[in-house]
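So that you can tell them apart, the chains are marked A, B, C and D in the order they are listed, and the count of residues begins at 1 in each.
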Amino acid sequence: MKTRVGIIGATGYTGVELLRFLMRHPEVEVTALTSQKYAGIGIERVFPSLTDQFQLKCEDLSFEQISQKTDFIFTAVPHKTAMETVPQFYKDGKRVVDLSADFRFQDPTVYERWYQKHTCIELLSESVYGLPELHREKIQKAKIVGNPGCYPTGALIGLIPLVKNKMISLDNIVIDAKSGVSGAGRDVVLESLFCEVNEGVKAYKIFEHRHTPEIEQELSQLAQKKVAVTFVPHLIPMDRGILTTLYAHLTLKIKAEEVLKIFKDYYSKEPFVRIYPKSKIPNTKDVRGSNYCDIGVIVNESDSRAVIVTAIDNLVKGASGQAIQNMNILLGYPETMGLDVLPLSP
Amino acid sequence: MKTRVGIIGATGYTGVELLRFLMRHPEVEVTALTSQKYAGIGIERVFPSLTDQFQLKCEDLSFEQISQKTDFIFTAVPHKTAMETVPQFYKDGKRVVDLSADFRFQDPTVYERWYQKHTCIELLSESVYGLPELHREKIQKAKIVGNPGCYPTGALIGLIPLVKNKMISLDNIVIDAKSGVSGAGRDVVLESLFCEVNEGVKAYKIFEHRHTPEIEQELSQLAQKKVAVTFVPHLIPMDRGILTTLYAHLTLKIKAEEVLKIFKDYYSKEPFVRIYPKSKIPNTKDVRGSNYCDIGVIVNESDSRAVIVTAIDNLVKGASGQAIQNMNILLGYPETMGLDVLPLSP
Amino acid sequence: MKTRVGIIGATGYTGVELLRFLMRHPEVEVTALTSQKYAGIGIERVFPSLTDQFQLKCEDLSFEQISQKTDFIFTAVPHKTAMETVPQFYKDGKRVVDLSADFRFQDPTVYERWYQKHTCIELLSESVYGLPELHREKIQKAKIVGNPGCYPTGALIGLIPLVKNKMISLDNIVIDAKSGVSGAGRDVVLESLFCEVNEGVKAYKIFEHRHTPEIEQELSQLAQKKVAVTFVPHLIPMDRGILTTLYAHLTLKIKAEEVLKIFKDYYSKEPFVRIYPKSKIPNTKDVRGSNYCDIGVIVNESDSRAVIVTAIDNLVKGASGQAIQNMNILLGYPETMGLDVLPLSP
Amino acid sequence: MKTRVGIIGATGYTGVELLRFLMRHPEVEVTALTSQKYAGIGIERVFPSLTDQFQLKCEDLSFEQISQKTDFIFTAVPHKTAMETVPQFYKDGKRVVDLSADFRFQDPTVYERWYQKHTCIELLSESVYGLPELHREKIQKAKIVGNPGCYPTGALIGLIPLVKNKMISLDNIVIDAKSGVSGAGRDVVLESLFCEVNEGVKAYKIFEHRHTPEIEQELSQLAQKKVAVTFVPHLIPMDRGILTTLYAHLTLKIKAEEVLKIFKDYYSKEPFVRIYPKSKIPNTKDVRGSNYCDIGVIVNESDSRAVIVTAIDNLVKGASGQAIQNMNILLGYPETMGLDVLPLSP
């Protein structure tokens, strides 16, 4: 029998992306889609791309109703709403992948400094930061997975092998990230209008973006010392994709091939990480629509500077794809199940 | 045992798109990729999106070598080259889906008027125009399938039910089509440069586009009388998609609902045609990456004008997806096998 | 002394575009910018492109205050608001160019059928439809100019010489228009979000778009008989530009050169109309940022079908540029003053 | 009498952009456009945006012919060709603005390390690096101006005030630049095709881009010590614009306001540099089509990290606009003459 899955907050871009994959996942069945705004409306009215796929309507359901209809939950609601929602399902014994920031931080004071008061601190110990490349074993046993932010996913996968192996200086890491517009969600705001975004590039929230502490939490834990990073996100006129350009200084004088070997070894069993050969640099276009994270490494051997470039689809590996990867781990399915699609190119 | 498939001319956009689907098709295995330009080069070097998928290299193979390695052939080469290539495989008993124009025309004089001298007229009688919605039974028995052009696919699917049912005037059909840039292929020409295309729209080849006779051949056959259409293609700054706006006069005074019912009845068993409800109009974005053709119908009841709008992905239903659909029909596989992916939205 | 100009509703895309030209116009000075939403805020905060240009703030002014500060008015407010606003300035003897639909129709019943009740019918006789290529003499003497819609501008300039010279059949004109997104204005609505628009094309408001009666009014007047057109607008993923593809049947059997000559003769003195040579078709990219309307004409001589293609920048010739052209006519300045910029290419 | 200007290599994107401004410049007249490829063809055939502007054809002229027809020369040819071309005009006493890299370097060994053998070393002492914000006085007296590269323009304007005032550490400057596609020129290469670029972002030539030594030359001279920078360029799916994100460490503990004041003081008389208020960050969209360089500065006061963001239009301030600015300086015209246009927004 298929696992019955509910999506709480189904009508944003991460919602439709969850559906794109889940509706073709052989072991699950989507049985509840909640939305207050679109209650009573067929999902194909919200997303015509889903026309003729199934009969499910968006519903404004109570927690009890959802619990009855489902075995597993994705919460794709804004932070704050998430920490009010997730505990209800936890109580009913459901396992949850939460796509908000509410269950990503181990230390509630960090969350509270960057977000707001955390009202569900007791569940943080039941939660795992859902980056499978880093925490696969913990995820398997978790009740709640705090699905990583899009920027941290692209940044961390490019830094983990180097930090883990103590190969880079930790006090001057620069993370310059370029994101497509879907990262801003489907909220109807002036800044996301086509004519405000198209044919322009901008940086935003310099030193202030809330994904910074997430990156720092994971790097600090890996390094077993406090790590601070300089992180600047940028908005690019395209739908999907994050290119992350990571600037670091190698602590040893080693060649590009050796750095690449460290990446290859570290990720040798990862189904969704692809290491590019020497001197090749990834393009977000080559991961679009897929759960892959592509990595290129360039080393300036004369002075040990390294630039690592990672490319992900922010809605897939940076959000819904990774959420389903986490679901597969939680439920014991093969990790690539339902996610094994190739990038859309061109 | 899987069917061994070869792709002749694998390094264009239709080539990579064939690979995107075929590499996930459960019953086939790609065993030959030919390219003169990229011979000896791994396909992931040509298309990094295919990194870590398989080991196949592009090869510059003789017909004999290809025949030995394969059971089934896609020819994704320019017209003229196709009519030199396809007969070789035909002689060896292979079934072929040809993506060029060379096997689309029943009457060689039409081909010769719009293209050039046809050097393989004897095989035209073995060939079927590969629009499954029109010629499924013939395709099943064909040796060679002339895979339809992208524009004719979008235009014909929107006109067939009306012409078949003699519901529109045949002497003033206007077909205004808007295509993404991948329709121009991967040829390195000035007109396809980003800065020549982006932030602009243009019409081209007015009254001269070679897809015109294809549309007219099929409509004339359906109507059992000669049909001429006014067809104007346009280039739109996007990667994929063709929106076709069809202008016609209904011969009867009927309501939109009735026209929609005719479409729904006609396409009721088609796995890749989706009819929109009354007053809904499709967007190419909602079929992107998929094999669907979405259709909307608007009728001005007071004077019986009808506008039919169809949306396809030019590289999928307009090329490689339809080619695989034809392969599935030829080989007796379920028609949706390997093609059952949802559109990428947004 | 410079003419003091006020812009009522300065913070939309037509507002910033008026400012782009007016701030470089040698004979005018912008002395009032009204906005309720941005009252008290410097215009460079609303549009950083205007940084360091002048000190004017947006203000929420009364009619009296505006009248005191200005000699000439542009109203760039939504319809309905316009017909409440314009009469106030009319009473004070100001001449006004109104960018809404409220003063475009001679027959209020047409307006009321497509829009709403007209509350200022008495001023319609003082108003002129502001297409200089058609009504230059009347505009010179007008008190109020109803600045044409963007779609009617592109459609009419491509049809006028043919209708005027009775060269096309009037009962089957098809107008297929493709517009950039700025045509939808700066309203914050879901449909205008980048990820809803980018990488897609759609038709909308088929048989229902409010620019239809505008086109029909002018063509009917020219033809001295009632003309109905089939008009379908489309949304294209680009900022600016309207390409209008016009389908018509010539009533005489004439060659392309002769049709082109009719266009050249008709527009020989027009500073902003450019006729392309035979077989050349315009691209919106080549008029971007300028007040030009480019025209290409293709004739299928064997059956007298004609396709006329026009390209304008919807924010310039389709809105603010034409408004300034009208202002120049009203105030007796050279018609190209302040508008004589070349298109931005690429 | 107007200055007669020739453009050598008129048919690339910098060529058409020179023409866009020069054709509206009140003191100059373009009297020669050379192109081998398009010889004999009217410029409006190459760039339809220039339709109906003037009668000049592209010509394949000898140096003598060009010298006779012109008083002033822009060379918009590839490097290497430039150093063969410029000396010819120098001999004839013409002043030249060269848009290639051939006259940007004072030290020929630097040029030869990054480019090739320099065959015109004797003229380097007559050449000035044409960044007016840095070398205005020298430019006034120069015979040859080496017009800066697009990336160096955006990087240097953001760094000069800080390096000049010894306010940042010089050993860990990171320059992450994002460019529109027109920066790659109009060469017909696979990498510049629409479908290769659109909907993707990539880094390229990491540690290898030839603009690196240009940046280092100017910063080293300013700092009076050798400065090395980490420079990574990226390609963004848009026509125009470079956003440069500069990462630096302040050597003093000072506030954002003070850093901004240094920028404002340094650039107080610059007509084309605009400093944004505290916490505002520029977008390339707000300089598009104009010669402005917009600057935003963000300081993390707790640890003295600074991020400076600059925005230019790569074809204007990054190429042709700056070239005309240099011409104005060389010829004693007001520096903004012919360049005083506002950005195109949206």
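Rule of thumb we're sticking to: a residue touches a chain if its C-beta (ideal position, glycine included) is under 8 Å from a C-beta of that chain, and two chains touch if they have at least 3 such contacts.
This is a predicted model, so every value here is computed, not measured.
Chemist: Looking only at C-beta pairs in contact, point me to the busier pair out of C-D and A-D.
Modeler: A-D
Chemist: Validating interface symmetry: for the copies chain B and chain C, is the fraction of residue numbers used by both over half? Same or different.
Modeler: Both copies touch with mostly the same residues.
Chemist: Quick one: point me to the chain whose Cα centre is farthest from that of chain C.
Modeler: In terms of C-alpha centroids, the chain at the greatest distance from chain C is A.
Chemist: Report the inter-centroid distance (CA atoms only) between chain A and chain C in whole Å.
Modeler: 45
Chemist: Can you compute the centre-to-centre distance for chain A and chain D, using the mean CA position of each chain? Integer Å is fine.
Modeler: So the centre of chain A lies 39 Å away from the centre of chain D.
Chemist: Please tell me the distance, in whole Å, between the geometric centres of chain C and chain D computed from their C-alpha atoms.
Modeler: Their C-alpha centroids are separated by 36 Å.
Chemist: For chain B, which residues are shared contacts with two or more other chains?
Modeler: 13, 182, 195-196, 198-199, 237-240, 282-283, 285-286, 288, 346
Chemist: Which chain C residues qualify as touching chain D in the complex?
Modeler: Spelled out, the residues of chain C in touch with chain D are 13, 16, 19-20, 23-24, 47-53, 182, 199, 239-240, 274, 276, 280, 282-283, 285-290, 292, 294, 340-346.
Chemist: For the complex, which residues does chain D have touching chain A?
Modeler: Of all residues in chain D, those touching chain A are 172, 174, 176, 178, 180, 195-196, 198-204, 206-207, 228, 230, 232, 234, 236-241, 243, 245, 247, 281-286, 288, 296, 298, 300, 303, 305, 307, 309, 311, 346.
Chemist: Would you pull the chain B residues touching chain D in the complex into a rising list?
Modeler: Where chain B meets chain D, its residues are 13, 181-182, 186, 188-190, 192-199, 237-239.
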